[in-house]
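The structure is given below, and queries will be raised subsequently.
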Amino acid sequence: MAFGPFLLLALMEGLVTAAVLALAAAGLSLVFGVMRVVNVAHGEFYMLGAVLAWAITTMVPGPPALAFLAAAVIAPLVVAALAAAADGLILKRLNYDPEATIVATIGLLYIIQQAALSLYGPNAYPVTAPFEWRIQFPWFGYSGYKLFVVLAAGIVLLALWLFMTRTKAGLIMRATQVDRITAQTFGVNVDRVYMGTFALGAGLAALAGVLVVPISQAQYLMGHDPLLLSFIVVIIGGLGSLRGTLIAALVIGLSDGVISMFFTPTLAKILATLLVAMVLVFRPQGLFGAKV
Amino acid sequence: MRVWALHLTLLAVLFSAQFWLSPYHATNLARIMVLAVFAMGYNLAFGYTGLLSLGHALLLAAGMYAAGLPAQLWGWNAGPTFIAGVAGGALVAAALGLLALRTAGVSFMIVTLMFAQAGYLTLLYFAPVTGGDDGFAIAASSRTLMGFDLSTDTPRFLAALTIFAAGLLASLILVRSPFGRTMVAMRENEERSRMLGYNPFSVKLTALTISGLYAGAAGAAYAILFGYVGASFATIQYSILPMLYVLLGGAGTTLGPFLGALLMFALIEAATRITTAHQFIVGAALVVLILFAPKGILGTIRERWARWLP
Amino acid sequence: MVALIETRGLTRHFGGLRAVDGVDFALQPGEIHGLIGPNGAGKTTFVSLLSGRIPAQSGAILLGGEDITRLPAHARVRKGIAYTFQITSIFPRLTVFDNVALAIQSQGADALIAKTRAALTRVGLSGLEEQEAQTLSYGHQRLLELAMGLALNPRVLILDEPTQGLAASEIDGFKALVRGLVPATAVLLIEHNMEVVMDLGTRITVLTFGRVLATGTPAEIRANQSVQEAYLGA
């Protein structure tokens, strides 16, 4: 294959990565923005989404598309409910102290991972894509499902943006983000906003997990890389800034696709982690984001 | 007075342990003492100075590889190997601090996490030299000090105890010194400390470097006493463990790190008989501690009953 | 005579707000200099510039003739400018002894215990050494704050609203204490309590809108027409 088509393939793979990443990172960013909580267990919610998708599709009879649709609806809801419980039982009692919540979510990460290992096992299982359809380019064929993932992620993110900017609930969340105390004095039930935000953030990660599972299988350790990448995206995009997060997801996803294609993935990850550390040290508001 | 008595009694009990413990348990205790040195270093940064790092695995691995690579490549013996490890830990900590200490709080946690992750990936990237996740064994000649093979039972135990004792007594002297008071002042109220004439950056950098010295010593000791070096010691897991030990035993107490390491080991050992889910124990311990006993065991005892505990 | 502290055209703006706007000021050795002005006149910003907690945008700060404008806060403390906070800022979970020892040992660790006890005796807090600072009464916490400032053995002591929240009886003790500091230490006193300033101050500077309105003895300030209009008479 010539260089051009090779680059096209790399860019398309990068776009898929970017789409999944944008969903997961939007959840992380939302939680940090509104609650000032750095959720280290975020990758595990992603993993739970994928594992639950496997469980649901194996249980639901009928055509793959129907089973997958069921998974895409149920898995994020279950994970969101779990997250809401974790918020009420743990984070709320810590008064959302930033450092204490990090320690607690590290604990949560271990607990969820172990639960998945004990109940689901160490093996990776595939999930059938809801439809089989290949786009034929002159040089290679490409999975139509992957393009569907990009489209679906785009729609969900658009819906999220509309929710945050056009609905009352979104307004309340943004108000809480700007000033928790004032929001409280205006009668906003901050506890409920926080619980809802944490659930929404986890649900987004789970949905990303569901979307990715027909491409890359479900496995109990799969939350690790998305966590790291989401962190990278959220920090480079500017902590708590949704628009910055989206731009950064595109940049990171595309460059990850390209760099991984032409260099080793390990080198790409080393460069990305160093970049994040340097951004936090020298430009804490992120490369694209407004000041926090 | 009673402070010294308490610490020396503990060391005496540990010394006697080699006579009444089975070889299996004595080896475990040696391992615990080495990891406790790591945790003591973590405690100096986190417990006393208030630097909550998520990247100490980098410092442990720095000590381990600074000791292991010269042993592997040039056949150094145990003495210089250990010194190289200590220096490696301190040096990497100082470099980490120069960058990471420009940030504070949550940013500091993430920056240290990211640098440690980059360090781990670098070890993987250079797997032909570092052995990657599989690591490599340290040759017998590099485990030998004054004719004793330090990876055999009795010499290993005594070497671990010596390093532990040195670390413990040094940390006791340090935290009771004027500089120890300055470290605590940074933790309690950085702005006030600045207006008393202290440069927060240099105080924190010194504390982190000392912490790295401990981590380096632990990493080098582990390499020599257990004859193995591997990238798995650079994973996030090994940044979490010292935090867990310190939180359990009591942050900002001299004996907390050892107590936490000992109890956590015992807990996992006991739990393995019932279940293989020891990750669950680690996770649950973190959540329970941070929720219900953020001061840890010795921190709570100090608050309630024994104000004199250092 | 070389002024102990001198500022020339010292300026600091926050956005459009001219908090400190070209202030020329001199603090002479051995004096108690009152700094007064209506709320928002820039008093706290001005002393924050002196102590280095906020960097200056333009102008110069001299300490005994030496330019310290670019020096970081902790280095200025070591050169002899001590600052006590308006809102009590102590180490709440450390003992009273440790609080003061931290100030003493930043000058050197010899005779630490004796010097710390002496500093505590000076403000009348001896006997409370082992108590946790947060358990002290408010008045005692203010005294501890003052003891920490004194323990630095400064050439200039900046007191930001030291009598705020003190009872009348405590204020008398405080005044005696401050009088005892001069002439070894010069004092710059921000104070809302006019009685205290007029009583203690050898000279007084009035700030309004970030600028110096007048400087003089208490009697001159009382008689100054523009001060009365801008501040006292209002």
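Every chain is named by a letter (A, B and C) in the order it is written, and numbering of its residues begins at 1.
We adopt the following convention: contacts are C-beta pairs under 8 Å (C-beta built on N, C-alpha and C of every residue); 3 or more make two chains touch, one makes a residue touch a chain.
Only a predicted model underlies this, so the values are computations on that prediction, with no experimental measurement involved.
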Chain whose Cα mean lies nearest the overall Cα mean: B
Chain located farthest away, centre of subunit C as origin (C-alpha): A
Rounded Å distance, subunit B centre to subunit C centre (Cα mean): 44
Averaged-CA centre spacing for the pair subunit C and subunit A, given as whole angstrom: 52
Cα-centroid distance, subunit A relative to subunit B, in whole angstrom: 34
Subunit B residues within the subunit A interface of the complex: 52, 54, 99-100, 102-103, 105-107, 109-111, 114-115, 117-118, 121-122, 124-125, 240, 243, 247, 277, 279-280, 282-287, 290-291, 294
Residue numbers on subunit C that touch subunit B, as the complex places them: 51, 53, 72-75, 77-78, 82-83, 85, 89-94, 98, 101-103, 105-107, 109, 112, 148, 152
Footprint of subunit C on subunit B - complex, ascending: 178, 181-182, 184-185, 188-189, 191-200
Interfacial residue positions of subunit A with respect to subunit B in the complex: 38, 90, 93-94, 98-100, 102-104, 106-115, 117-118, 228, 231, 235, 264, 266-267, 269-270, 273-274, 276-278, 280-282, 284
